[in-house]
């Protein structure tokens, strides 16, 4: 079916312009919902990165000297494994530590180049079998004096609080975002439907003059897609901006040292960007598709 | 001008029903924006209540025994005031402490009745002149041993972190909410405008048959108001729900003792409720008012 | 009742539709407007209803200069004027009954008046069986008759009719013309644009002929051509 | 070309508009449909275009049973049929040129064809000066002529015309009828509903008369009554 591209472009353009404020409202809603969605994602990723090492009941970490000998390592490992108060130990070797380091400082290439794998401290992550803070403190400190141990670091209460708060916050944000996504689909659906309703006599006339359904549909569908994509574009800018502002705001705070691990890697950001564009297209296609198929059949 | 109430009700009803899904989209957007707005407000109020005592650089609190004598009080006060490392001291007497207690436990009447004013510990809130954590620790602990002192409580790092995070979070949430409020106004404006656009021929005919502008306008304006109010109603339920879920979720967490002060008083809740209804009406009136005045003049 | 003083109407795009018209129509007159397609008949009628503003000149309706009428008074002017539109202009989502009733609702008539007058007028135009139909369910001629019924249900001072028989067969047309004649005899001033030679020639009333916006003939007891 | 076999159309609400019609129209014929307002003329025409479905009976157009036509084939049926609607049905936000061009765009004609054919057809109906006007800026008769132009710009096999002269003065009507006659002579089948006694009586073509949905007369070289 030879459908004139010029015709489709002209019709779509006319519609978008004619309903400018409705177009705007659709785009704003899509943008807001996708921004929230993206922000929640980034937030969750950041907190994930930040607290990654404290997963699974890990309460303290025994960092060894980078120069520690194999015997020293074995001795600490045995001591930990044989201690009845320790429920689980995992060993992070130099290579894994370097990977983690690269992840944390993915945005500062010079930092990564300045340090090499051999300078990394291997470590033991320890999950005790008791939850009493004093017992854990005593247990950890006992390893402080062992040969080859550089430092024992305990999970701050803050880390745990953070994990909980962010879990709740993420759920709330995602719930709101999903709610808004539905609203966005509804809205696009309605923008298109209203556009079609306002032009129902024209559509009727087009049909009577011999236009096929697709000839009438396509401009409306493209209109919906444009809404979705425009909204996604705004959202991507918004999320990048939020991420930037958050990093900047936090890195200047002495009290919030803990957030310095809150860094999103480039690949995580690309993933989010792609996801948002995909969602935008989906919302647009869904909204206009439903509208067009429900309100345009002969 | 004798305008038939039955006529207005009938017309408004017809419009609301005819554009059911558009009505829904409007209501959803109003609801989401107002819910966010309300949640931000409640959140800020809660954090405010929770961290109220730590305002203005207060780093530790010296709680006295309820039975402390006037001499003991005076001696502690003098010691604090004369200490060069203390920049500011404020005294909270039994009455003030009881007020604060009532505020904190405003929802548990039995708790308030079980305790009376004389059982309240008076306290000194101290802002040191230095910010070094060790110095503050030493300074506070020095008062631990004084006669009549029950306990010295330090600001957790968590409190400070919380204050900062919530400040940022509140700003972001309010920004998103305001953004959404604007979107909601735009959306109602557009719903009404589209309703009028879809019925432009009818409106033209009504005018030609001798209908006054107000006769045509009023049903549309009421439609917008209904959107705003319905959205506000949903938002109020949402905010109450969020508040409830938050309180419940937090009170079961041993790690989150700090949140136990996170309680919204009844009057704060009523204020929020009224504000949301007011905003709903405003949004509805604004949206439909603009639509009607911009698109209905002869 | 109706007076045009040097009235010129030029639509945007420099389309002159009425040029320097001077007409005086007395209370109770019956006037035919005739002329080729596009000669300005509908424009003439639209000016009287303040649906369009004249580019130049003054128009008096019922003694008032409608050019200087406040915007909010326009509806009240229109309530004194019944108007049969060339394209009917029915409200598509109201039934025949509601369409006619609307003209009464607008002026605040109580519902018992509406309930008695509307069926009566619908009977006059022969639409008793179509009371609850929507305009989309009517034939062209039936729609035109609804438009006629709405135009004089509130007994206006003036009745403007823009080709009220264009979609009617000769027999039904005669019925409508009898009705207009009866209304005219009760004192209503009637201005009717028409292409129907037969009607003009049998009625023998005043005829104003337009040609490209000029009034080229104004003849009492005239014929179509 | 067109064949109706025992066709009955009853609208919802139990309104019979056409009863048991049997008609056979050959290629190249010119047929007038006459009858009172509401007698079923528009219904007859709408059935041929598959705008309405018959309640009973079968309809053949160009040899095909259009009752068993797939939904997606309907547009292609309609492209072979020109249709002058009783209420014009112009697209309000397209200019006169665009309205006529639309009928060609829909069938995928290249733009150079459109650019040459549309002005030619607009000249035939006497609208050269109105090419860039919107329908809202035209008189009733001018709109009707745009509708006529659109109906045969793509040289259809069949031309359905529902009172194409209802809003035209006698002189312009004669012009349009000459045009229809010319189109008919090039082999196009024409079915035209009309109330215009003068036209029917001078053309002397086949006349089908409807009365309350019944075909009461089918006469070649007939008159209006």
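Going in written order, the chains are labelled A, B, C and D, and every chain counts its residues from 1.
Following the convention adopted for this analysis, a contact is a pair of C-beta atoms (placed from the backbone, for glycine too) under 8 Å apart; a residue touches a chain by one contact, two chains touch by 3 or more.
It should be emphasised that the depicted structure is a prediction, and the values quoted were computed from it without experimental measurement.
Chain centres here are C-alpha means, and the one lying farthest from chain A is C. As a whole-number value, the distance joining the C-alpha centres of chain C and chain D reads 29 Å. Rounded to whole angstrom units, the spacing between the C-alpha centres of chain A and chain D is 61. A separation of 67 Å divides the Cα centre of chain B from that of chain D.
Multi-chain contact residues of chain D (touching two or more other chains): none found. Residues of chain A found to touch two or more other chains are absent.
Taken as a contact graph, the chains are arranged in a single closed ring, with each chain touching exactly two others. Chain pairs that touch one another, listed by label: A-B, A-D, B-C, C-D.
Taken together, the chain A residues at the contact with chain D in this complex read 1-4, 7, 201-202, 204-213, 215, 298.
Residues 19, 21-22, 24-25, 28-29, 32, 35-36, 39, 156-158, 160-162, 164-165, 168-169, 172, 176, 179-180, 182-183, 186-187, 189-190, 193-194, 197-198, 242, 246, 249, 253, 255-256, 258 of chain A are the ones touching chain B in the complex. Considering their complex, residues 11, 13, 15, 34-38, 41-42, 86-87, 133, 137-142, 144-145, 162-163, 166-173, 195, 197-198 of chain D touch chain C. By the touch rule above, chain C contacts chain B in their complex via residues 49, 51, 71-72, 74-76, 78-79, 83, 85, 89-93, 102-103, 105-108, 150.
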